[in-house]
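Structure record follows, encoded as structure tokens.
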């Protein structure tokens, strides 16, 4: 009980600290920008640890962060091998292919009204094909190794990317388009000089949403058949062995990888769409 | 003046359909513009000046009548890159610096890199924006943005220059300066210029032909051929001929307004 | 009308490609079956054919092509096989029957809608918080991102077990998983949308000394609408996937997820495909409805 | 009112669990004044977790995973063992040139994980075959999904099957038994106990709960014996209870027949010898053993003794 | 004229930091505006007029010096809703009709429904846009949009009216008309008005005080107190006093430009 109360106090304190920092005079400093989420995260972890201990939650349901950390550190080689298999081979290649294909199709759709009318509704249909249905089929088609995982990722990132890219390519104002008309600019000229830059905020939106989908897709697809390596493989077999600490260690890897990738995308976005009001502050 | 018709509008009509009924923006407009003409359009706000300019540049489809540009349809002329257009608002692309905004048409029309840079330098100087090439549009004042958009239209060699209130946001001194520059450019290149303005002296000072429009539905109230010589020092504005034409324009304008003074 | 024609054309093209694809996809299985039945195929023996190119096999055994469209357990069922299955499990069955896809679709749909409502609500609330509070922006946003990198399937059973142990069961656990997947696109899109007004529009409100809530209702919310709808469309598709994923660990007793799983367990490819299509159609309908709402809303706002 | 019992199955509703459905349907449970809820499982459901979370009172699981959970600190106890025999086997293409276990080297094998891989690893360790990819003294292992496609598509030379289920799916796909060769784990001496009933140790200390379990096991065994004698009726009952509507009558009837062979030798009480064999197999298995030491108190005859006498 | 200082700027400085170096937009600006004053700001494009107006309205923070409004900081005054502001671009919200755009400040400040409608009617009439209340901004011409944005600022009772080139996009006739209307409104309400313009006659005609600014870094070159009476018919523009002041303004402006004429 004491631990539970302690957890609540800790939570209040962490939030108070963050309010002080974020509303304080140095809120813009890079250090503070980093510190605030970290404090938030650390608070969550501590509260978690205290609650698990205070409420005697069985380890097989929710292990304490300290247990997860121990497991993480002791299993680094395994985690690295799994990371390479799932993220580097499965997720990344699928992400690149899926987003690339979506961009291409978005351009096709943008070029032809006929295709827009015809393909978008069909695209909606593909979007909702649930991973649990597509993954077994794709494993059957592309084998057990990372190729089938990449295929699952392609299918799951394609539509979010397409919707965003199509919306983005329609983002120009009438005057901006008229200007291009007066220059009698060709399609590709106005594409590269007007529509693509104007679409960038939306495209990055799609890239960011897809990045997390890719990760999940690659991991989940391994539940439906895999070689004996990979994050999804490890998670599902560890659940069977009730090694919940291992499950969470893999989740930590996924979260770290996903966050880093997302951060990288956000950084590039800042560079590319510096002119957009949402980036100018 | 060669007497060759560049723009020829016959019974032009344009009706917009809006959520609360049709708006008759242009009604039975007839106009002939000859090569090398400097035509000003003047008229109350909302009378259809912008619309007419847009029709000329094939940005709007007339709903009735015909219009030809160099004997072609406006759209064919557009494809031949006959137009330089300055919009009523600056409309710079926010992701490009001023210099890159000016380069935009040059890139599209395939000018060489060296030529591009030289032209950008030249037009930036023309509109008094040297040193601002590296800034982004939102870092410039309204007037500076407008000047940048003028520079963008002047950077390449279009036969027909259409300018929609280009000097609206500028002070008199700069305006006088740019008026002179524009006249010099016109004399040098023999471009045909369509120019929308609200300033009567500006219209009279610049034009060979002044088109006075009357409001809703937009019609041409008067077309005044200027007897002023092509060579125009600023002082011409004090001559009786100038004041006489200005008076005629003012009368034409006033007729279109409802205020009874 | 034009749209219908366009969709039909695209669909026709897809169906044609699909039929064509069936031949190489299914040829190995078909040849093995035929060989078992005593037919003469080239080359003989399944192990020999295993590493051969499928297209080459189709060419060498062109007589077998019709059979690739009629296999019982094809790798890729032919369109008509899926259509027949869909027809039989929807129109030909009573809605209350456990074998009716409409019954299962309804189970999934109700969880989807509940999850979507929770997820969208949560997403919008978070986005509003993030836009208006620096603390929220700086501390919550990064973790919202982290939350999405967690493979939900791994967590789903645990979530369900935990909810189970505190007595929550039925539709709600599924809806929570579905909300978990749908809130994120809404947050991302909504934050961007709420931040899309330009300086002048914001300055105008400053000169009126408008309160934060007035700024929200009169400026930020209206200008976020295009972004919101784009994210809602992704969100509803994600919700559906979430509901289906949530159906697996709940015992997979009913719903499209259960159909998928059972189909996959028994290798009933046709059944998987028809459940997949049902899910896709459901999503397309939901997205379509959102599209109509979007058009009406934007039109009433004078933006379309 | 009747006492409530929640039973967590290991897998989806099918004849594998016929005894329980029959007991419920035939009113054996209500005769014992029990109100039993049967919770189907699925690929992602760990019955152990459900029991740990309090979602069920009693569960059906395979012994390896129950013992693993026990070692992880979840004190599960086997209270009854309706399945005497193991139904797990490896099914291979004969035309791939496999005749005996030693021929497995340098081939691709599909194996179930999720706690079911240990008998396999133990077997391979026994044969001296490594499991880290194709090689002259090693095999490539795939984590097999829930169906037999890897075999049919020839993505694997062998896959794991149950005598009562997946094997028949292969046959249903048009493959004749002559084309296949099977290795039963039981024949290889590495079988582990399947489908036992497990509860939490501390709950068992409560006499009321113990009494409930006694009645539950008694009724369940009655159900099993009824199912063995009336396989067709049992299969029909299972079909009744299948909410997915995906099961077919033919398959369930055949499954019932096969299941009956596995339950036939058991009266419900665990045979300690079978338990010993299971533990030995698990302790011998692979590089990453599921249990590291001999478990203690993992089973009891307390319930069956009372239930069956 | 009560002689009470409404706006008081002392050694005001403002430096923008941009990607290529700092821009000194305002340098050592000193100015006192009294209650009921009509102050015009005139100066070359980019000299800092908009920036100064924005500082007054607390939309920009000066980087040096002090400024008080009604004895408070600009931000406190803003919170008291002291300002009506007309931006250089119309800035209407595209999802609101013209009437709803004008209602926006009224809704925010909590005017009653009936009052809102009455005021919208009145100001639409004032700027000659009757019948356009139901249209969306993009269905209006540029000048009409600008007039709508003026109407929006006039609809509520702010003590201080700040207008950034409000009449830039309007023709002379409408401009004259609105100038008169603005003077009448000013006389009636006793508002303090800050007004940016590029037209010398307009500045002279309207103002009690004309501030001439010189470019980069923006400084005040001259402050001219107008000796003209408060009551000003349009004909006043032909009086010698008027022409004399206009001349002084032009000289001040010319000094700031680099063209040597």
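In order of appearance the chains are A, B, C, D and E, and numbering begins at 1 in each one.
In this section, a contact is a pair of C-beta atoms (placed from the backbone, for glycine too) under 8 Å apart; a residue touches a chain by one contact, two chains touch by 3 or more.
Computed from a predicted model, the values in this text were never measured in an experiment.
The chains that touch both subunit C and subunit E are none; no such chain exists. By the document's definition of touch, common neighbours of subunit A and subunit D comprise C.
The most central chain, judged by the distance from its Cα centroid to the centroid of all protein Cα atoms shown, is A. Compared on C-beta pairs in contact, A-C and C-D come out with A-C as the pair having more. Chain centres were defined as the mean of their Cα atoms; on that basis the chain farthest from subunit E turns out to be D.
Each chain gets one centre point, the mean of its Cα atoms, and the points for subunit B and subunit D are 85 Å apart. Separating the CA-averaged centres of subunit B and subunit C is a span of 53 Å.
Look at where the CA atoms of subunit A average out and do the same for subunit E: the two points lie 49 Å apart.
Listed for subunit E are residues 89, 136, each touching two or more other chains.
Across the assembly, subunit A contributes residues 61, 136, 140, 223-224, 236, 239, 280 that each touch 2 or more other chains.
In subunit D, the residues touching two or more other chains are 43-44, 46, 49, 52-53, 145-147, 149, 153. Here the chains touching each other pair up as A-B, A-C, A-D, B-E, C-D, C-E. Taken together, the subunit E residues at the contact with subunit B in this complex read 16, 18-20, 23, 42-46, 49-50, 88-89, 128, 134-136, 139-144, 146-147, 164-165, 168-175, 177, 198-200, 234, 250, 253-254, 256-259, 261. Residues of subunit C touching subunit D in their complex: 28-29, 32-33, 36, 45-47, 50, 72-73, 75, 97-100, 104, 153, 156-158, 161-162, 164-165, 248-254, 258-259, 261-268, 271.
Interface residues of subunit D, counted against subunit A in their complex, comprise 43-44, 46, 48-49, 52-53, 65, 68-69, 72-74, 113-117, 131, 140-147, 149-150, 153, 155, 290. Those residues of subunit D lying in contact with subunit C across their complex are 12-13, 39-46, 49-50, 52-55, 93, 95-96, 145-149, 152-154, 169, 173-176, 242-248, 251. Interface residues of subunit C, counted against subunit A in their complex, comprise 2-3, 6-11, 14, 25, 75-76, 133-135, 137-143, 145-146, 148-155, 157-158, 161-162, 165, 184-185, 188-189, 192, 195-199, 226, 230, 233-234, 237, 240-241, 244-245, 248, 256-257, 260-261, 264, 269, 272-273, 275-277, 279-284, 286-288.
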